[in-house]
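First the structure, which I've put down as structure tokens, then a few questions once you've had a look.
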Amino acid sequence: MTPNFYLWLIPILPLAGAAINGFFGRRSSKLAITAVALVFSFAAFFMALLTAWGFSSAQAPYFCNLAHWVRSGTFQVDFSFYLDQLSLVMLLVVTGVGFLIHIYSVGYMWDDDGYYRFMAYLNLFMFFMLTLVLAKNYLVMFIGWEGVGLASYLLIGFWFTKDSAASAGKKAFIVNRIGDFGFLIALFLMIKHFGSLDFAKVFSQVTAWPTETAGVGTLTAIGLLLMVGAAGKSAQIPLYVWLPDAMEGPTPVSALIHAATMVTAGVYMVARSSAIFDRAPMAMTVVAIIGTLTALFAATIGIAQTDIKKVLAYSTVSQLGYMFMACGVGAFSAGIFHLMTHAFFKGLLFLAAGSVIHGVGGEQDMRKMGGLRQYMPVTFATMGIATLAIAGIPPLAGFWSKDEILWKAFNANWVYWLVGVLTALITSFYMFRLMYMTFGGEYRGRRAAQDLKHQPLDAHATHDSHGHDAHGHGEPHESPWVMLGPLVALAVLSLVGGLVGIGGRFEHFLAPVFEGTAGAELARQTAGEAASHTTEYLLMGVSVSVSFLGWLLAYVLYSRRPELPARIAHSLGGLYEAVVHKYYIDELYAALFVKPLIDGSTTILWHGVDQGVIDAAVNDSASAANHVSDAVRHMQSGNLRSYAGWVAAGGAAVIAYMVWMGVR
Amino acid sequence: MFHLILFLFFGAICVAGAVNLLVQSHPINSALSLIAVMGSLAVEYLLLGAEFLTAVQVIVYAGAIMVLFVITIMLLNAGKEEGSGGSRVAILLGIPGVLIATLLVAWTVLFHSNTRAVPLGALKGDPRAIAQLLFHDFLLPFEITSVLILIAIMGAVVLTSRPEAVARGPRRDG
Amino acid sequence: MMVPLSYYLLLSGFLFVCGVIGFLIKRNIITIFMSIELMLNGVNLSFVAFAAQWHVLSGQVFVFFVMVVAAAEAAVGLAIIIAVYRTRETLNVDRVNLLKL
Amino acid sequence: MTILSMSLHSLPSLLAQAQTFQSPPFADYMRILPELILTVFGMLVMVVDPLLDPDRSHQSLGTLALVGALAALASTFWMAQYPGTAFTNMVRVEPFSVFFHVLIIAIAVVSILISFEYLRVQRIRAGEYYGLILFGTVGMCLMSSAIELVLIFIALEISSISTYILAGFRRHNATSSESSLKYFLLGSFATAFFLYGVALMFGATGSTNLDTINQMLSAGNGHMPMLAYVATALMFVGLGFKVASVPFHVWTPDVYEGAPAPVVGMMSTGPKAAAFAVLLRVLFEARAPGYFWLLWVSAALSMTIGNVCALVQDNVKRLLAYSSIAHAGYLLVAFVAQPDLGTSAAMFYTAAYAAMNVGAFAIVSHLAAANERYVTLEDYAGLGRKSPVLAATFTFFLMSLIGIPITGGFFAKFYVLSAALKSNLVGLAIILVLNSALGAYYYLRIIVLMYMREPRSDVPVTRLSVAAALAISACVVLTLFLGVVPGGVLDYAALSGAQLVRDTAVAPVLEGSSSAQP
Amino acid sequence: MVPMNMDSFNPIILSLVTFIPAVGGLLILLIPRRDRDIKVFALVISTLAFVASLHLPVHLHRDPNLFKFEIDKVWVTNPNIHYHMGIDGISVWLVVLTTFLTPLCVLISWTSIHTRVKEFFILLLIMESALIGVFTSLDLFLFYFFWESTLIPMALLIGVYGHGRKVYAAVKYFLFTFIGSMFMLAAILWLYAKTGSFDFVVIQNAIRSGNVPGFEHASLWLFLGFFIAFAVKVPLFPLHTWLPDAHVEAPTAGSVLLAGVLLKMGTYGLLRFDVGLFPDEARRNAPWIMALALIGIIYGALVSLVQPNMKKLIAYSSVSHLGFVVLGIFSFTAAGLNGAVFVMLAHGVATGGLFMLAGILYERRHTYEINEFGGLATPMPRYATFFLVTVLASVGLPLLNGFIGEFLVLSGAFQARPIYGILGATGVIWSACYLLWMYQRVFFGQVKLAVNNTLPDLNRREKAALSPIAIAALVMGVAPMVWLSAIDPAVQSTLQAALAPVTQLAGKMVGQ
């Protein structure tokens, strides 16, 4: 049977799981919860595989129209799903990685009080994410779009008793909302100009439009606004600030949402809207520039971070930058390719980091780690693979995708390529730095037992999983297999995942989606002429060597001469400080937007306008009326003769008036 | 000529009396001057031929009513009125207004009341003719005045009699 | 020799006004009441004058009624004055101002 | 006309006397039947009074008076059967006068009912009290049906003098006598103006019969004698005083505050209604000239000053006094409108206002307790807690005074407004609207006090006597009736108004109708 | 599914729905002062009304006329006031919203009202009748009557059963709305004076056919007359200050009805009467009105952002949300109007729910101060969940009811005037800011005050009161077509009516 019939099932299944766990989880046993969560997420994964099996580019794209959702006048939006090569890729990634992380979470969260909540949230996230990727129109996509935001809000703030976690969740949601604002406006523009939000309808009309070479036309506006949305969701400049904080969430969440799937939604959306971007070169340029800058910017921050998850977070931001760079230069397929590989190795990295944290009893500061290689070999191995992959060491997954992007970028404009390469250098540097600091050298961490009490709940969660030694947490130790399994699986994927891209097979697979776009042209010409092959290999060599260079640097600084970094940092002084403090961007935003907003609203609007002006006006007019009344009533002096005076005067006035009337 | 002289003479008395009523500070003097006014008014009526009214004016008004006044003054032995602070409204608004109104009315009466000049005893108001009207045309008002008188009597009785209700019941003045 | 009725009217008007002014300036309640009587007298005169003007006797009858009313008013008024005097021991109208504002 | 011819011929001719000396026909007595009945019962009350023990006379005398009033009320029905003029054009029975008869007598009935309890509590002599109420009612009734200025004057005096006396009835209380004095002096002062106006009108037209006046005035088509203008002005002063319209309102608050509450309830509605009737007759039947802006300004001032002054009052009676000034202003708006619309609107307003205001004063006088001790707003605090029913009723009346729907007050305002708007008096209409918004404030203050403050323990609330309960419920019913199905009353008012105006168009209709049969 | 004979109700159903509560309220007078019976009775009555009102949407489509279930009887001949009722796709849902919220109000007031229970429920039910009447009446006079009738009960609910500066709040509420409505009365009377009828349809036709003498000069003033009355109720920006006070001091049920239904009277009036009668003026004045609405959206949001008092925060959020409604109405686009109506309903449910939740908290702690709480998610998880759902609905999360309306409104506004759409869309951000921040401060973090550790979670009654809200929020978000399919036709006809007179006016110009 073709996917048309059961397409809608794929998102619904996890929702069912979420519902069941959400409603009955509180009272049902952990095993039941686990069963429900895993079964439903696996079902989704299974359906996805089924779909992939039955998928034929000939019949693609598939539709599935569930029901009317909104209709007003001529404008109508349905619950309708859509499957083409692009969404298939996303589908597999989301369900696959998602399912693995579900398994991992079972081990990681087993002893948390909110286990059922966590599982329900995860399922809920799966539902929204799948809605997002399977949507047939922008509004349903927006459901997923906002929905994943909600899920991440809930999951980041999962340990809500921790203020930092709560505010991190809020921050994530609000920053995303700012992005969504742009997205919404884009949708309004589409409604205004195309009268529909359906991909097919919109794109078919767009292709009829001329390319907006000069100035900001409608399409450019739409593109830019979509990019705002994407920037919010995929943590690009200037809206990336929420992602690092999002690390407050449990590590599986960071892996699933803030590495593998949700944050890539922006990329997916831009790729999905390739038709529009294609007609708006200026928007494309903006996307490319933002992506490039973010890549470099985030990477530099990554250098100086000591929190293992923070490092990964910034590396995620930077990698996303790569993807946008790709989309910006029209290499959408390359972007998606990198998205996929990134999902593998970054997911892996996070899970491994989680396993490390779990192993050392909730410690996240790399300075307190080190020498874990002998304690947790599997974790080390898998994480190593992931590091090689992200660093772009051939033939691992990262290499292929990153190289593809750099090559496309070079064809577009060599500046992108240069920055990209630089970023690659930094990336491999801080990744290996992370490896050395974590696994190399001696174990620097104190025995976690005594400082458990002022460890965040993350520690509790993991600590409780070893209730047998109540006195605390002895040696660092390897994680249980329920957690290691997913690591291994992802490691394999990171190893071989890139091979699908060899010879542009992946690109050709996706080609129908980006048919007729500049990206396609680019693909053809770059694939076509043999002459440029030499340059291609040259560049490949450069990037690879750069990655090795980064590795070398890290090796020197953090394995051979561990005292050097401090000195370098000292010599750099202010710059280093700035980097450590993430260039004070958060502080800047606080000073620039948050504080003025709060203070302004309080003093000017509330106390000023509302109470000071409007209410005051009302009350004053009331008291004024009283004063007037008090004045007027003194007419009633109580003196008879003055009363008579009034009467007489009034009479006189009346007579005078009447006489005048008579004379006229 | 005779008519005019009489009119002017008694008119002058009226005016004098009226003014005197205002300027006198002791009520009794005012009362007396008022009597003078009424008396001379009676003569004015006579000049216009209203004999019956003249009689009634002298008997009822000057006679009965003013006596009532005088008695009251005596009863309450009202002395000279002390010059307590007057009322600004009355002086500043009332008097000027009144004067203006007076001028206007006077002007109207003089030039726009298209009244004619009349001889001495213009309209004979002898008792019979009056009675004719009173008991036929104005029968109803005449009868109704009895109610008025009745009320007046009741009022006088009620208001002047000492409130025995209070004498009986415990006195509770607010 | 005839006298214009307007003279009579003027006289009556003057009396009326004197009454009004008296009401305004006099302080003794009784005097004030007297000035009301003065006003009524003024009105009476103009009634009579107009009766002559229209040669209609009813004008004189009105005067009669006015007198009756005046008598009634006098009775009641003086009774009220006495009542007031009982409670306030004064005839000065300016002192009779418990009720005000 | 009659008067003119009569008096001309009646110069000494015994023949004429012979044929003119004839007692009026039966119909004429029917046309003043209510007045007769009231007078008779008034005298009965006075006769019976001395025969009873003054301690226990309240009930019986009150019942007697009540019976009389009710009989009079019933008799209006027969009166209505005999339309036409009586006693040589002294009074005219027509829907207009019937309407006001019913209204005024009804007011008297309710006031008597209220007085039952009040007199007992206040230890007031019942005989004269009820007598005066009945006689005063006679005066008011005559005012509404008289078409002869002199009769109007006398009737006016009757009603005024009786109210002067009633105002002073709390004799062991300085304020009461003071209010009586002020009312009396200013009242006679104003009456003198009115009388002077009558005189001048007589001078201008040679008659005091409204129809004749109308005829004479409209005879010199367009050109009116100057005297008529001045006369109108002076009469307006007098009547404006009676209806308490600015600038002749100054007496109202003091008098209302000092006078006994039931009397205030009566005199704020009865004489007012009568005075309005007279004003209507003078303006629309006699077609007095050039009053438009006069009333316009007076109405605007009355509304505004009344409401503004009421804002800061803390004595309920005084507050209601100011509110009555404001309502007089609303009423005058109707006078400015087109005669036919205005008349009906004004008549309806008088009725509605009577119903709600008497009701309000009924409650005030009940709560006032001995010697009217509890009449400040503070005394009403928490009434909703102490006696919900009473509070709810009072709230109802206040809502009616504000002009909330399903109350008579609403429709009253409503008709006035629509009359004004139909006559394109937009400015006045807006002033009215703003004022009723302003007025809402101080009525609301009372409601707020009653419901949203803690009750004061030192203010006792006695049980409601049967009579008072009857009176109040009657007022409620009437207000509600006028508020839910105002159609009937308004139609009657419209009819009589139209007739009033039409009659004057072809005046005088009923020539020498003293012998006219129904 | 509904048997045909149900149709026999159609002529009287409106009167039934309108007056069942009032009659019930009067019946309560007869019940002896045993609070429990009174509560149960009130609950039964209001539920009955709800069930009866469900007849309306079910049978709506069967009636081909513009106004369904119409009933037109003469009430007063002079002036000719008709008892003329009828509903269309717009008002029907507002009626149902009213009847839906009232039983919940009864439930929520079960224990929070101790004193003068009888009067409370009488007022509540009378209030309900008046509210329904406002939405059902087609005779301007009848409308005005019901409109005013909501005044006193609500003022009493606030002033008698409220807390804090209740009297100030009640008086403020009364005066604001009363003064506003006086202008409307004047306008209504003007129309009556000129057309001799109060009937909405008649007057509308008279105006359209242009035979109302002097209408050209008066129309602006008439429009403003109605507008002020409605703008106060909405409340639109400069006239909104009565709302926070009224809400903060009002008892829970009062707040729920106030926010849930009362404010909709204003927006409904704008839509039905201001736009319906004076479309030209409405379009002419749309720019500044939309500007005011925008100010309301942003201003309300910013002010509520910094409120230390939970209820005040919600109140200001209503100012913001109602701004959306006005924005939609005056965008004169199908989307805008549909959205406006939908926002009315959604806001009614969501904000009603928020107030109920706030009330529940107040019952436990007797304060609305946000600082008094914190970490409540630990002691009262169920409560926190309900609160979260409601907050999200109010924030406008897709698949919850808040989203559809806001989306449609904004897209409509955007089509009309892009800049308005864009500025309005910022509201999406603000709402997230203030609500989530409030949620965080109340529920997240460690429990600061020991008192809050022992707070009991929701009991069965409260759950019974809250679940309908949550369910409604979800259903409205997932299947809005149920509502829109009824709303859309009505909106379309309104829109045509509003846009038609241009040509007719032009025709008149030509004619002259």
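Going by the order they are written in, the chains are A, B, C, D and E; count residues from 1 in each one.
The rule we apply is simple: contacts are C-beta pairs under 8 Å (C-beta built on N, C-alpha and C of every residue); 3 or more make two chains touch, one makes a residue touch a chain.
Just so it is clear, the structure is predicted and the values come from calculations on it, not from any experiment.
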Third chains touching both subunit E and subunit D: A
Spell out the chains that contact subunit A while also contacting subunit B. C, D
Farthest-lying chain, centroid of Cα atoms versus that of subunit A: B
By C-alpha centroid distance to the whole-protein centroid, which chain wins? E
Please compute the C-alpha centroid of subunit C, do the same for subunit D, then give the distance between them in whole Å. 25
Between subunit A and subunit E, what's the gap in Å when you average each chain's C-alpha atoms? 37
Provide the C-alpha centroid distance between subunit C and subunit E, rounded to the nearest whole angstrom. 66
Determine the centre-to-centre distance between subunit B and subunit C, using the mean Cα coordinates as centres, and give it in whole Å. 4
Shared-interface residues of subunit B (touching two or more other chains) are 86-87, 90-91, 94, 98, 104-105, 108-109, 112-113, 115, 129, 133, 137-138, 141, 145, 148, 151-152, 155, 158-159
Mark out which residues of subunit D touch at least two other chains, giving numbers and ranges. 3, 7, 10, 150, 154, 157, 161, 164-165, 168, 171-173, 177, 180-182, 185, 189, 203, 226, 230, 253-254, 441
Please set out, as single numbers or ranges, the residues of subunit A touching at least two other chains. 633, 636-642, 644-646, 648-649, 651, 653, 655, 659, 662
Every pair of chains that touch: which are they? A-B, A-C, A-D, A-E, B-C, B-D, C-D, D-E
Residue numbers on subunit C that touch subunit A, as the complex places them: 20, 23-25, 27, 32, 93-94, 96-101
In their shared complex, at which residues does subunit B touch subunit D? 104-105, 108-109, 112-115, 124, 126, 128-129, 132-133, 135-141, 144-145, 147-148, 150-152, 154-155, 157-159, 163-166, 168-169, 171-174
Over in the complex, which subunit C residues touch subunit B? Could you list them? 1-11, 13-15, 17-22, 24-28, 30-31, 33-35, 37-38, 41, 44-45, 48-49, 51-53, 55-58, 60-61, 63-65, 67-76, 78-83, 85, 91-92, 94-95
What does subunit A use to touch subunit E in their complex? 67-75, 139, 142-143, 146-147, 150, 153, 157, 160-163, 166-167, 169-170, 173-174, 177-178, 180-181, 184-185, 187-189, 191-192, 597-598, 600-602, 605-606, 609-610, 614-615, 618
Which of the residues in subunit A end up touching subunit B in this complex? 637, 639, 641-642, 644-646, 648-649, 651-653, 655-656, 659, 662
